[in-house]
């Protein structure tokens, strides 16, 4: 894994300045993405997943703003680009497969035209006929009938709409695809179809993909690495096998144990308590008030995301260089500071 | 206290509402304080003052050199000797009275019909819908002329004017609210209310109505606006309480007596400014309420 | 074809029903007054010369018989229905022997020319302004200066018209002082005459557009705010579309749809809606004609104009229903 | 055996011509309250079934009986009792709250209308009890507006409300699909509790077979408004017989690195299928036979097990006669106890 | 101003304008010759709200037309012109008219050489035909009721002589019907065309192809749309041919429809128009001030107008309480302050009147003779004490709010007005209000009906009666016009007094002559009753304040050049047209 990352997010902070206070939606997010890699981003509702996606595309709208950090696409730093340069990158270099495909297509435009629009605005220098050709190709690539190009969104089923969205997103051969809950509104069969299509295309194009969702099952089936978010912070990041078999952060542990499995019928174990509001986080680790293993140190500051095992990072005071530590040692450490 | 603070905080963000309410406060203060300086029964009517005096803060009638009883006409007087300051002070309220009466009744009736028709559907709905469509074709002027000619030898009163305008003012709201309710009827909480054993009327009034409140508020503003427009239009056609110093009637006299040509610019400027102010106020409040009512804006909590 | 013939037929039947009901209602309303339009008319004529000739009452009665106004109401109603079906709107009482059609046709071109155009212009301009007001990336100029221009929407059109006339036409002499065309020119299909007409329509058009655009802007602003929250706007932006395309093809295009329905309604009010502006401008439109007919209680004129309005409204609505599916592909009347 | 709910040949055709339900019959036994899952892909008619059961929709054909009485003919007292005894939980835990009121409104209205309490205190006590039994802290939830609560809290409040009303039948339409993974378990647990402790029969509508598997006793798989397979949840999920069910289960993304999805190919229909004749799934079925396009398959008991499948692959096996479809779950339950031979 | 050229470029040829249609007539532009502005007279009147609704109704007897000569300005001529101001009769289409001794026959001599515009001679036959037509079409046509009641027959002696025979002595027929003055006088129709018309009142008489209307006057209409009516000079006019009169200098007359005073004033100030309907006292002063070229009857001095035959009064319904009591009527009169009305509403520019007569020279002897009576009955006095006295006499007391009450009833004194009284109306109402009457000024759309059926208890209205003879106005108060309230009455005082009726009956049969002491005594007896009972309450003289623009035309009728009254919409318009001289020769 010596390949150069295509996308690097460094210490990204995103804030929404609302009446109720400052929403710290993304805090110190660090993530690297290599070409062809599939990274999953999970976390409960409101944990800042979509915000991260929008931040990468620099589409955070007021009252939100990127408050700090850097986003590198290859050698370009996105947060400092002009709006026009950024626009050219959107859709072409970084594209998005939207959440809820149901409403993501312009209801009064034919599918084909919605694909072509992207091409026109990225100045490919193609003739109309050539672009139509490309659009049809994009549809074919997503296993849609070319006829679909002449249809309006409402004439398509949910799965077809989602494919159409994918067709639009990949039409420009992007280097990074961000898929924000692309299938959460679909039933399992359609979901599988769509995800298979997306996976195939991604492999063909060699793009990196960030899959956002809260369905751990889907993640298990699709991604190579997974990042777990909680209340705007990244709690754990690692290979999917590592995270599933050996979750480090207690939050991840609880999350995984609450998953329905075939051989555990009728057992339900949720995570007690509720997520704190992002405007009013508890001091220390954001999870400390729900964490069964919380220690005194956990109430001091948010632990940084550190590599505790090879390519397995976690933000938790329970570990030091991959070794689980006891509370006493921590207290010592705190005292030492 | 806390609540007041949060309201103020909200107003800081919702600038239109704040500005609109600001104008409202200003107009209220202006008229309420103004009332102390005038004789409400005399000053806004003809012959209360020397005619055609430009705005002046210190006025002495030319006829009396030593000026024993100086009276100022800060807004001037009109050609019939109304004190335009008194007109402004009393007329604003009269105008709003017409507007709110007509707009209010129009909205209440319209809301009731809109609600029931959308909620019960069927033949009732069809009848209401058809009636509204048909009634929409009746020229308002025609109705007014018919009423005016059966009115006897008095002018329409301010209240009467409001009532007459309200006769036709319900058509629009009925139409619009019906479609609002139609979409609302499918909401889950309406189903939930039924599961709670609530009656149809209870559902309409307790569940649906409150949620339309911001919307109704906005509609009230627009209903009031159109009612004031209507009253001014009718006054401009000479069908109104010609003696009463409502803003519409004042504008009627301005036009009728060629005030601009005669150089009596203040005669027109006073009512037009206030009308514009009133409308800007309603307009801003309406935009503000709109924002308040828009769930997408609210969601950002 | 997005709709079936049976739908068109049903919709057409509905149209006829509305026209009939509206025509009936408008037949009876003016009959509610105790006034005698003939006496009013003849009196008005007589007092113009300051002189009421003897035999006046006999004249009134003779005319009543002549116009059939002395017959029972139901007979008058049936006659009226029959005439209307044949397209015969009869004579104007106040302008006999001029027919209602003659008078309507005299006013119609002006009404259509001015009011139709200004209503559409106000719609377009207002909608565009409203959209820009809600567009976060639009220049601040739009968001702060234009709303203040919208204050014009707060002043009745005829007051705007009056003020405009006073300054622009009378004091500064930039445009003609009202009227449909220059005094001394004769209507003809020549360039110079058409330009003359356009020149004369600048002020009334300006007044109507200024007064009307505000309302559209408010509506559009609201819709645009809603549309901007839609997922497809986010997705379209993520596609890297250019600003104007995003604005027009994705934003405005969708926000405009609900406005179109209101436009249909607004179009149907152009006749009755602008009476005062026509009056102030000395513009020879149908609105003035209607207002006067109502004042004179010229039954046949009222019936005629209202009937034309009703048909216009019904037909506009019908046409709107028919073209709406073309504007909004989601609407379809295929199966119902 | 008294029937709590009975659907007889219910068909629902919507205005646009969509056949949402096609001749559905089943019944629920009053004596043994169970959780019955209704599953199927989007648009298969699940919600329609729920709404018809609740009496919010009227079937185009067929009847819905509640305790033996047609629910659309109920009047007065009986109607009122039906309203109280048949309750629901909906998918969107936000939309069921009237945003104008605090969440308490939902409880107080119910208590007031159904006269569940004689005093305010008693009402309060009832509410607190209900909240606590779904694991909510009253001081954290009551007196707040819906948007001030998390999705999980909102949904559990609805469950608590159902608990408070103690209905006989609860229609739960996708109660957890909008809730994230960590809360899902908590809510399902509460649902289970309703059935286990309060003996409430639950119609659990979902497209998520994993949760269906976890909470329900029986399951009914719908496809385009028709029953494809039905029976005891353990056998249906662990060993699906109908090709459609097999496909469904194969497509579940289990959070299990060992179980990869997508063993079965998904066939996309070519659009030539004839609607109304034969098996509805024929055009997507990998095992399609000519007979499948001829006539609607009856419900077979494959291998005499405790479930039925509408598929000709099991031709020759005993069938559930049309008249008995109504007793489907009863029969299945019976079979489970003592499988019987074909007739 | 921009854009107002008198004649636009010629249009391509095309068909003729069909009568009345609004569609732009392609032919019109070509048919019309170019006439420079300085040879064009542009006046603004007729029409309402900026529109002519009578396009194509050149027949003055058509119901919707503007009546008689007004349909097409300068096109129709009377037998005699009469100028009240010059007190002069000018024979025109006729040369002479003589009564027999008992006033039962009138012999009219027609001028030789008068021709209709289609070349047909105007003869005695046209006069006889017109009178017969009026008799036959009673009551549809203007004047028809009177003619039917008065005229027994006509006899055409020869082409130039016609004898009109009456049932009874009709000494006023000549003045009333054959003199063209103010707005009265019969309009003569061409017999050769009208004889084929079935329904006179439904006949448009406008078809440029056929040369209709057929007229005798020096102008005929050439273009007519809802926006303007254009009349061009007929150079083959009979009077020029036979040397009776010269062709007028005006080559074209354009009439544009009236909209509002504001617009008329603006157009006047910008020299777009040469004259208009009369303006209000307050506006005309502005027009004069803002355009030095504009003059009025009194030049550029107050009151800018001349007295019309239409003095304004408060008309009462004398048959209904409370105004059936002369005390109350007098109280009203004492309550109003006419001078204040003048000062405030008319900016000081009006003329009050003590009697319901226009102060015209022929009437002055009568008015002088009334002076002593007016000492006793001061109709113009503002005196609240006297008002109170009268009210108490009528049984009224003031209530706490200062209103007169009797039997718990306040005096409802709403004043029915009309647009032309909008200046004085509100002021008068307010004066009454302050004097204790529950008054309001109203302008209902059905004001006419309310006046005529008596539901209006007080109305502001003029008289249109006497010009040279007090009889015409006084006759309006006789009981022959009495109708119970609710029934329409031609004159609406609803005053009944047998004594008064008797006096008027006697006057009716006499030739009016101020020098005849018997006639004068009868007059004084009648006017004393009028004053004693104050049948109506004189307010002001009605002034025609007509702006006249000297930019293009001079020699307008003014008090220094008093050849006729200046209303160009009156029958005497011909005299004005003949007198106007181009300013820019």
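For clarity, chains are labelled A, B, C, D and E in written order, and residue numbers in each chain start from 1.
Here, a contact is a pair of C-beta atoms (placed from the backbone, for glycine too) under 8 Å apart; a residue touches a chain by one contact, two chains touch by 3 or more.
In UniProt terms, the chains line up like this: C = ABC transporter permease; D = ABC transporter ATP-binding protein.
Just so it is clear, the structure is predicted and the values come from calculations on it, not from any experiment.
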Keeping to the contact definition above, tell me which chains border both chain B and chain E. C
Taking each chain's centre as the mean of its CA atoms, the one lying farthest from the centre of chain A is chain E
Closest chain to the protein's overall Cα mean, using per-chain Cα means, please. C
Heading the list of chain pairs by contact pairs is C-E
Rounded to the nearest Å, the gap separating the Cα centres of chain A and chain C is 54
Suppose each chain is reduced to the average of its Cα coordinates; what separation in Å results between chain C and chain E? 37
In whole angstrom, what separates the CA-based centres of chain A and chain D? 33
Distance in whole angstrom between the CA centres of chain A and chain E is 90
Where chain E touches two or more other chains at once, the residues are 260, 262, 266, 445-446
Check each residue of chain D and list the ones that touch at least two other chains. none
Seen from chain A, its contact residues with chain C in the complex are 57, 59, 61-62, 87-92, 95-96, 98-100, 102-109, 117-118, 120-122, 152, 154-155, 165, 168-169
Mind pulling up the chain D residues that touch chain A in the complex? 40-43, 135, 140, 150-153, 180-186, 188-189, 192, 207-211, 213-215, 234, 237-238, 247-248, 251-257, 259-262, 266, 268
In the complex, chain A residues that touch chain B: 16, 18-20, 63
Of chain E, residues touching chain C in the complex: 1-9, 11-12, 20-26, 28-29, 32, 37, 40, 42, 48-51, 53-57, 62-64, 66-67, 138-140, 142-146, 148-149, 182-184, 199, 201-204, 223, 225-228, 230, 254, 256-257, 259-260, 262-263, 266-267, 269-270, 272-273, 308-310, 445-446, 448-449, 452, 461-464, 488, 490-491
In their shared complex, chain A is touched by residues of chain C numbered 136, 230-232, 234-243, 245, 249-250, 253-254, 257, 327-330
